[in-house]
Each structure stands twice: as C-alpha cells, then as structure tokens.
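Several structures are given next for inspection.
Next come two complexes, and both contain chain A; in the first it sits with chain B, in the second with chain C.
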Partner chain A sequence: MLQNLLTDGLVIGSVYALVSVGMTVILGVLGQINFAHGEYYMAGAFAAWWGIDRLGLSYVAAIPLALVIVAAISLAIGYAVMQRLVDVSFDAGIIATLGISLLLQNTATLLFGGTYQIFDGGWLEPVRVLGEDVAQQRVLIFVVTLAVFGGLEWLVRKSRFGKQMRAVAQNVECCHILGVDVRRVVLITFVLGTTLAALSGVLTAPIVMNVYGSMGEAITLKSFAVIVMGGMGNISGTLLAGWLLGIMESLVAGYVGLQFRDAVAFALLVLVLMWRPSGFFTTKARY
Partner chain B sequence: MRYLTTKRALLMLTALCGMCLAGGQVPTARADSGNIEVGVIGPMTGANAPYGSLAWRGASLAVKEINAAGGVLGHKIELVRGDSQCTPVEGVLALQRMIENNHIHFVLGDICSSATLAYEPIVENAKVLLLNAASSDPAITHKAGVGGFKWVFRDYPTDEQRAGIVLKYAAEQDHIHKVAILSVDNDYGRGAIALSKEFFQRYGITAVSEDYFQAATTEFLPVLNKIKDSGAQAILMYGYAASSRLVARQMLESGLAGKIILIGNGDFTNPQTIAAAPSVLNGAIEAAAWSPDFDSARSKTFVHDYEATYDGEVPQVHAFTHWEAINLLAAAIRKAGSVDPTAVRHALEGISFEGATGEVKFDDHHQADLPMILYQVENGKPVIKGVSRTAVVYSKP
Partner chain C sequence: MSGIGSIGPHVAKPVAGGCLVVASLVLLPVVATSYQLGTLVVSMVFLLPALGLNLILGYTGMLSLAQMGFFGVGGYTSALLAMHFGTPFWLNFLAACVVPALVAIPLAIPALRLRHTSFVMCTIAFVFILESVSKNWVSVTRGDMGLSSVPRPRLGLWSGGFEVHTVVQYYYLGLLLCMLAVAALVAIVRSPAGRYMIAIREDEILAASVGGRTWHYRLAAFVLSAAFAGAGGSYYVHYITVISPTVFDPSYTNTVLVVVLGGGVGTISGPILGSVVFVALSEALRVAPELRMMIYGLILTVSVFAFPKGLIELLASVAKRAWPLRARRSHAD
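Our next item is the complex of A and B:
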C-alpha cells in the first residue's frame, strides 16, 4: 500500500507543481499573488471541454485549442490589469486578482450553466509502472510536468528572456534604467504562468471528470501553500514542494483518514511560515 | 497621480463587477398581487448544481401545468429561484433575500440537509412555510411539528428508513458483512452513517475503516488503496452524483471492479453514474424515493411530460419530488380555501394527498410516511428489489 500511496502522491503532486509554478513566476516577476490562478486552471479545463463537446474535437486536438484560448484571455487580462500592477501596493493586487477570480468563475457559470459538465476524453486505461497499475493519464501528467519544469529551468537560466525575468525579479528600478521593458516581461511571464495552469487543467480534467465554474478555488489555495513551501520565485523548489504536498496528502489520506487530507496543505503552510518562511528549498527569497 | 487614478479606477471597476456578478439572486420587482410566489432554493451552482436544476425543472413543470389549468383559487403560481450552493451560509443568505425582497410565504428547499437544518429557525421566525422535498437527515423533522418548528414539513423519506433497508438487503441477500465507510463530510453523510451503525449489530456487519470526504474532493486513490487492502466486501457510501462517478472511476483504476460493491445512496442508479464505470457499479445497492420506471399511472405521466418539456431529459428523483411538492402545496391551498400561510399550514397538517408513490399524510412531526424503494444495479440497469415503508419512531423528548 505504501508504494501505491507514494505513486498517487507523486502524480497529484505533479498537478499541484504544474499549477503552482505559474503563480510563483508571476510572484517573482510582478511581486503580486495571483488570486485568480485557479480560474485559469478551470478555464483550461472548460476550453478543452468546449472543444470536445461543442466542436467535436478529439482530446489531442482540444489540448492546444485550450491553451490558445486561455493564452488569449490572459493576454487581455494581463494587458488590462496585471501590467498596471507593477510598482503598485500589494493590497491593490489582491483586490484586482480577487475581482478577476470572481469575474472568471461567474462568466464560466453564465456561459455554461451552473451544473457541472462531464469531461469526455483522455486516456484512462492503466499501464503497469513499477509493478503497479496507473492510469495512462496520470503517467502523462507526471512526464509533462518534468518536461515543463526542465524547460522552465532552461528558460530562466539560459535564455535571454530568462535573464530579463531574473532582472525584473531582483531590481525593478535598475531594469528601468538599463532599458529592460518591465511591462513586457510582466505580460509575457503572466501569460506563460497562466497557460501552464491551463495545461494542468486540461491534463487533469479526464481524471477529475467534473468541470464547473468554481473548480479552481481549491487549486488557488493549495498553490499558495506550495509556492510558500517551495520558496517564492523558486522554480525547482516548487516542483519539490508540489511533490512533497502530494505525498503528504496521500499518506495522511491512506493512514489517518480522508477527511484530514485538505488540512495537510494548510498545516504544512503554517509550519513553514513559522519555521522557515523563505521556503524549504531557498535560503533567500526570489530567484 | 493621473496614472494612479486610472489604475485605481480600473481595479475598483474590476472588483465591483466581480462582486456584482457573484451577488446571486437579483431582487425582482414586486410581482402583481395576484400571483402566489413560491421560492425554490437549492444548489444551483457548484458540484451539486444538477440536483438544483432537477428540482427547479420539476417544480417549474408542475407550475406550468397548474397555471395552464387556471391556477390555484384563481391565482397563478410564480417561482422564485434561490442558490444555496449546498452550504448553510449561502443558503441562509439566499433564503433571507427571497423573504425580504420577494415577500414569499412558501418555499421548497433545500436539497442538502445541512442547509435545510439552517433554514428551520429562519422560516419559523418569518412564518414562512418550508416544504422540504429532498433532504434526508432525520433531524430535520425530529425538530419539526411537535418537535419545535411548526412551519417545516417534509415530503421525502428519511435516512432512518434508508439505512436499515440497504444494510438488511446487503447482509441477507449479498452476504455483506465487512464494509468500508466512505461518506460525504456533512450532516447528510455523517448522519446516515451514524444511523447505519445502529443497524450493524442486527445484521452482523462490521466496519473495517471509516473515512469522510469533502463534497468537492477529486482524489480517492489513497483511501481506495487502503480499502483494497482491508478486506472490505462493500463500500458504504452516502454521497452525491459527482463524487460517486469519481469514486467509481477510481475504483476501476485501483482494480476494485467486481471485487467491492457500492451500497448506500449516491445516485448509483443514475445512468450517467453507471456509464462512468459500468463494471464497478454492477451490484450496487441503493434506496431511493423514486426512479423514472416507478410503476404508477401518475408517475409515468410525469416522466412523459417532463421528457417532452425538457428536450428528452430523463427526470431523476429530485425532479419528481419537487413536482409532487408543488402539487401538494396547491392541494393544501385549495383545501384551506385561502393563500394565508397559517391556513395553508393547518390544511397541510391534516391533508390526505394522493401522491404518485402512494398516499401522503404527515405525522405529528410534519414528516410524511413514504415508501423507500430498494434498487440493485444489474447489467447496467437499476432493478427494483423491494419497497419498504416504515414509520419513524420518535424518542421521548
């Protein structure tokens, strides 16, 4: 049973990590928590559902469609709202992103109705991994998460844009002086982060089956815990923290009781804030 | 400063728009004095929205039929919708809005027992008649009628009846003696399990594990792995359609199909749930108040009319019970000869109504004595295995 629990934990942890990394890079670059982050996860799932249900696409075709749709939405929101949060007080950011969260949730409900929709698609047949049956979709999630994190590490450390991201995260004023276009970096980072959340939504939708407007709320809260544990702005830390959370939740659900599962994230959050507020994996905050 | 002002304005506008959209029920203008306003409150959004939608559609169909036949005492009925999101907090707010803004005197609600329990003191204070047609927690009517809340009635069977029927059948017919408890973490789920435990000794059943899940939980693999290793023969679950489908799918993933059956209540007989993992749902045992193939003329007419009105959608139990409740309310108003809530309340207390599943009469706790139908899923279809009717036993106060 322990091995099963660990495997389950790694997969669900990968989902958390994939969603949370967007929040952490946005925080790193913009200095604001995106309280609407779970809603982009929901938008990704809904967009894919819409493609499959209304346009008759296959699941494979629905994935890029969903990413494009959410990228377009977040481009609009990034341009209209997030860019203007540069150099602005933290409170304004909270209110703005909370407002966006409500807007997105209720728009989804208005467009598609309050009832949940059933997601039809994905590869749920099990494959044998390390002597255990795991649904193909879960293996896919794990592999994609590793690939995405690998790509992000390369982006941040080796690419020119990554240098700009790090520069903005470290010192915005210097960026203005040196000619780094801060608003552009923020916009692109925001679109990237939210699209990753949407990717997580699309990949997880076959497993969670129910798609509805407020499905992203719990995701935002857990992402919050993950990014604090991983160290805000720390990409590989987020992956490890996501896995840690997934495994801890799995162990608690298996050995203690399912009703305590949701408490794990917040218990860990409290512990980290008390004992090591910069996160398990960072000695200093930010990149 | 100019830049900041524009930004501030934009931020405030965004937040305000969001808050308005989240507001929920927009207060309607006062209806013309002729119409009888009846509230229908339930989960219209969120994981349990299908139940709310069924309730609304069932009630709306009854209203349409009644109004087409001339209304009640010359008045037409008008429904007012409220969204409780299946939580007491939202439900109470929605109910209070309905009472204050729409001046309703009659309300059908909630689906979710926790919310209904929260409404009881409110309708008692406001002297609004609450006719519940979907919540199964016995506490609701233990506290009603002579139990305290005089304005609360329930035309739906309780979990006291359900718990016993399910376990008796499982133990006697399917020789189930070891169960794993996996139920939703609220008054309904926990209440039903507490009631079930009272029957364990009688039917020789033991629980090898006990877990509760939040209604919106999506991850059941860890607990299913635990159950797999525990030697349980069945999972005793009181849940909802959304979670049942997930549990069924994940039972399939864990290799539990055909090894462990689901018993209790959670829309196991709903075709959508069965379609999620047919091999898992085979053999599932559920007690429900009604299903579309119930054999009575009135019931079949209802099913036919509902499908015709709603694009072929097959009604489920909550659509039926709310349709029936509107008809019951109309009968009570006719019997009272007036729309005065107190008169209607007295009429309802002594009414004998020919319902589609049998005669509806309320006991002194305002609980109707209704049959529970036992279903087992065989080859992908629910089959009626028995009908049981037990009066509620109230302990001395």
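Our next item is the complex of A and C:
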C-alpha cells in the first residue's frame, strides 16, 4: 500500500509541479501572482475534451489542439492585461487576475454547462514499473514533467531568452535602458507559463476523468502552496515541492482520511510561510 | 490637524447628503416592492463584510481574502446560539462579532508577519481551513448538511419579544445594523488609531519611524475586519435560516471584493454604493449566475486600469463636471 501511495503521490505531485512552474516563472518575471493560473489548466482540459467529444479527434491530436487554443487565449489576455501589470502594485495584479479567473471559469461553465463532462481519452492500460501496475498515462505525466523541467532549466540558464527573463526579473528599469523588450519578455513568459498549465490539464484529464468549469480553482490554490514551498521563482525547487505536496496528500488520504487531503496544502502553506517563507530549497528568493 | 469636526463646510455637505440618503432609505419601503427590498437586504448582507474589507484594505492597505471565512464563523456562532440556547438576536449578533474576532487573533499572528502576496495567500488558506473545520466538526456543525431551520431574529431583552418575519422588518433591522456599522467604521478611521492605519497604508516603514507599533495596529485592523464580517454572517444566517460549508465558497469573497473595489476602496460611501449597485446587478442577472460572475470578473479586471478608485470616484468626477455649471447659474441669480 505504501508503495502504491508513493507512486500515486509522485504522479499527482508531477501534475502540481507542472502547473505551478508556470505560475512561478510568471511570478519571477512579472512580479505578480497569477490568480487565474488554474483556469488555464481547466481550459486545457476543456479544449481537449471539446476536440475529442465534439470534433471526434483522437487524444493524440487533441493535445496539440488544446495547447494551441490555450496559447491563443493567453496571448490575448497577455496583450490586454498582463503586459500592463509590469508597473502596478501587487494587489492590483491580484485583483486583475482574479477578475480574469472569474471570467474564464464562468465562460467555460456557460459554454459547456455546469455539469461534469466525462473525458474519454488517454492511455489507461497498465504497465509494470518497479513491480507495480501503473497506468501508461501516469508514466507519461511523470516523464513529460521531467522533460519539461529539464527544458525550462536549460531555457532559463542557457538561452538568450532566459537571460532576458532573468534580467527582467531583476530590474525592469535597467532592462528598458539596455534595450530589452520588457513587454515582449512578459508576454512570452506568460504564454509559456499558461501553456504549461494547459499541458498539465490535458495530461491529467484522463486520470481525473471528468472536466468542469471550476476544476481550476483548487489547482490555483495548491499552486500557491507549491510555489511558496519551492521558493518563489525557483524552478527545480518547484518540482521537489510539487512532489512533496503530492506525496503528503496521498499519504494523508491513505492513512488519515480522504476528507483531510485538500487541507494538507493549506496547512503546509501556512506552516512554510511561518517558518521558512523563502521556501525549502532556496537561500535567496523573491517574494 | 484641528479636529475634523471643526472644518465646517467640508463636512457639512457629506453630513447633509448622508442625512438625505438615510431619510430616503427609511422611507423606501413605502414605495418599494418586497422583491426590491429583498434585494436590498442581500446588499446589506454583503455590505457588512465589505465594510470590514474596506477597513483592512482601504485604510490599512492589506488585502485580506479571509473576510468570508469570518463571515461564516459569525454565521455559525449566531445560528448555534439561537438554536441551542434560544438567545435573543442582540446577544447572537454580539457573539457573532466577538467570536470571529477571537478566532482572528491566533490566525493573525502568523499572517501579520507576512507582507504582499504571501499575506494574501495566507488569508486564502484560512478560509479553507475554516471550511475544513466546518465540514469535519460534524457533532457541532453537522458537516456538509449544515444547520437548517435557524430561528428568525428575536428582538427582545431576554425572553419573549418581537420576532422579525417580513421582508420590511428584515430591511429595517439591516438598515439599523448597517448604520451602526458604518458609524463604527467612520469612528474607527477618524480616530487617532485610524489615522495611524492610514499612515501604515501609505508607508509602513515611515509609520513605524514615528514611533507607533505598526504590528498592533495591523492586528487591530485584522481583528476588527473579522468582527464586521461576523456581524454580516449573523444577519445573513437569521435571514436565510440555513447555513452550510458552502458559505465559505470563493464566489462570496469575490462578491465582497467587487463591492469594495468596484464601489470605491478607502472611502466610506464607495462600498455602500457598491453593495447596492453590484448586488442589484447580480439580482437582475439571476437567470444566469455564470453571466453575473463573468461581469464581476470584468468589473474587477477593468476597475484596476480604468477606475482604480471605484464607482464613487467616477460619480464624483461626473458631479464635478456638473457642479461648476450650477454654481455659475446660482451666481447669476
């Protein structure tokens, strides 16, 4: 049972990490918390469901479709709202993104109905991993998460764009002087971050099996816990924190009681904020 | 700083305006239908926590999303007292102010160490912790089923007395409570403590440098805002007569945010106007709750860029444009 819970926690934790890393990158560059982040996760899952259920696509085709749709949505929102958030106060940013969250969530509910929609797709055949049967989809989530985090680390540390991202995160005025296009960096980072949330939604939908308009709410709130634990703006810290949250949730659900599972994130959030507000894995963090 | 009361003409206009508004609100049931009055009752339910949010966000500069958590605590407190002990409304109401304030103190100790985003996240976590308690403390709160057939508010000294039944009676009760709450908020923000809270909002380090203990004042703002929210919870639960963990739903928090920010944060009249306008708007859109929330979302997002000072500021600028015209005309007379 323990091993079962651990693998389960690791997969759920990978999902959390994949969503949260987008939020943490946006926070790092823009200095704003994206309260609508879970809605892009929801939008990803819904777009894939729409592709499969309404257009009759296969799951493989639905994945890129969903990513493109969400990237388009976030491009529009990035132009209209997120670019302007560079030089407003943090609470204005929270309120603006909270508004977007309400807008996206209720648009989805209005378009597709308030009931749960069954997500029919994904690869749920079991494979044997370390002497245990695990659904292929779960293995896929784990592998994709590792790949994405590897890619992100490369992007931020090695590429030219990553250098610009780090520059904007450190000093916006200086970037203006040096000719870094701050608005472009913010926009691309935002689209990247939200598309990762969408990817996570698409990959998770076959496991949670139903999609609904308010499914992103809990994800946003759990992402807070993950990015605080990981140290805000820290990429590999986010991965470890996501796994930690996933495993702890799964252990609490298994040994204490299912109803306490969702409280784990918030208890952890408050405890970490109290005793280690810069996260577990950093010596220095931005918050 | 010669005391606000002695300024005279600056204060005479708002006081006269306030009297006019109160008088028309008192007389309103003569012309309004009971449906419209019911809408106003809901407005007043949201106004009470909104006043608390206005105190902490508008005057102290801390964005707390825990308001509706304390609203729920107040509601449960009031309902449980009335159900188990049959206590009169004034006692339930007082308890509903005091208990959330007491709950807020231990929560404030970790939360007030944080600033900015971390503080906001921490306050969101409180709502979920309180929701979790209400769901799992089945012996008291009956879990997800919630408490039903909560007694109606009984206005009496101890036993007996008058029971509030009709919408008109609820309206007058709410009006009384809201007037008391508004008066309390005005008294708080005009007091030396309130001025110090405003100083913290403007610049906490500067405020600390003149010798005050900012922590005490931030604690006071947090606890008082919880008391306001609890007051709203008490009025709400005796009006709706049921309460369940759904009271902690984020949509209520969003409504209060829209009332305060859309109305005019950091002003007295802003949230009052906001509660009437935006709750009435939501009643008009009852057919599609999603549409209502979409509009709330738009208001929040747009207000940040277009009218950061809220509806009241928009009205004021419109009035200013109309005012010189009238002034000139009266001179000509």
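Here, the second predicted complex is superposed on the first by the 285 of 287 C-alpha atoms of A that agree within 3 Å, B and C clash if a C-alpha of one lies under 4 Å from a C-alpha of the other, contacts with A are read in each partner's own complex, and residues count from 1 in each chain.
We take it that contacts are C-beta pairs under 8 Å (C-beta built on N, C-alpha and C of every residue); 3 or more make two chains touch, one makes a residue touch a chain.
Here the structure is a predicted model, which is why all the values come from computation and not from measurement.
Trainee: Mind checking the superposed model to see whether chain B and chain C fit together on chain A or clash?
Mentor: Chain B and chain C clash in the superposed model.
Trainee: In the overlaid three-chain picture, which partner chain does A:Ser101 touch, first (chain B) or second (chain C), both, or neither?
Mentor: It touches chain B and chain C both.
Trainee: Looking at A:Pro277, would you say it contacts chain B, chain C, both, or neither? Reply first, second, both or neither.
Mentor: In the superposed model, A:Pro277 contacts chain C only, not chain B.
Trainee: Identify the partner contact of A:Gly151: answer first if only chain B is touched, second if only chain C is, both if each is, neither if none is.
Mentor: In the superposition, A:Gly151 contacts neither chain B nor chain C.
Trainee: Identify the partner contact of A:Gln259: answer first if only chain B is touched, second if only chain C is, both if each is, neither if none is.
Mentor: A:Gln259 contacts both chain B and chain C.
Trainee: So in the superposed three-chain picture, is A:Thr109 touching just chain B, just chain C, both, or none of them (first/second/both/neither)?
Mentor: Touch partners of A:Thr109: chain B and chain C.
Trainee: Where does A:Leu269 make contact in the superposed view: on chain B (first), on chain C (second), on both, or on neither?
Mentor: Second partner only, chain C.
Trainee: Could you say whether A:Ile33 touches chain B, chain C, both of them, or neither, answering first, second, both or neither?
Mentor: second
Trainee: Is A:Leu221 in contact with chain B, with chain C, with both, or with neither (first, second, both, neither)?
Mentor: The answer is second: A:Leu221 touches chain C but not chain B.
Trainee: If the shared chain A is used to align the two complexes, which stretch of chain B, 1-9, 127-135 or 163-171, clashes with chain C?
Mentor: 1-9
Trainee: Share the list of chain A residues that count as touching for chain B in one structure and for chain C in the other.
Mentor: 81, 84, 88, 92, 95-96, 98-103, 105-107, 109-110, 114, 213, 259, 262
Trainee: Under the stated contact criterion, what part of chain A meets chain C in this complex?
Mentor: Interface residues on the chain A side: 27, 33, 81, 84, 88, 90-107, 109-110, 114, 213, 217, 221, 224-225, 228, 232, 259-260, 262-263, 266-267, 269-270, 273-274, 277, 287.
Trainee: Mind listing the chain A positions that touch chain B in their complex?
Mentor: Against chain B, the touching part of chain A is residues 1, 4-5, 8-9, 12, 80-81, 84, 88, 92, 95-96, 98-103, 105-107, 109-110, 113-116, 118, 124, 126, 133-135, 207-210, 212-215, 218, 249-251, 253-255, 257-259, 261-262.
Trainee: Tell me, which parts of chain C touch chain A in their complex?
Mentor: Those in contact with chain A are residues 57, 63, 110, 113-114, 116-118, 120-122, 124-126, 128-129, 132, 135-136, 250, 254, 257, 261, 288, 290-291, 293-294, 296-305, 308.
Trainee: Touching residues of chain B toward chain A in the complex: what are they?
Mentor: So the residues of chain B touching chain A come out as 7-8, 10-12, 14-19, 21-22, 44-47, 49-50, 52-53, 83, 182, 185, 210-214, 216-223, 225-226, 228-229, 242, 245-246, 249, 252-255, 272, 276.
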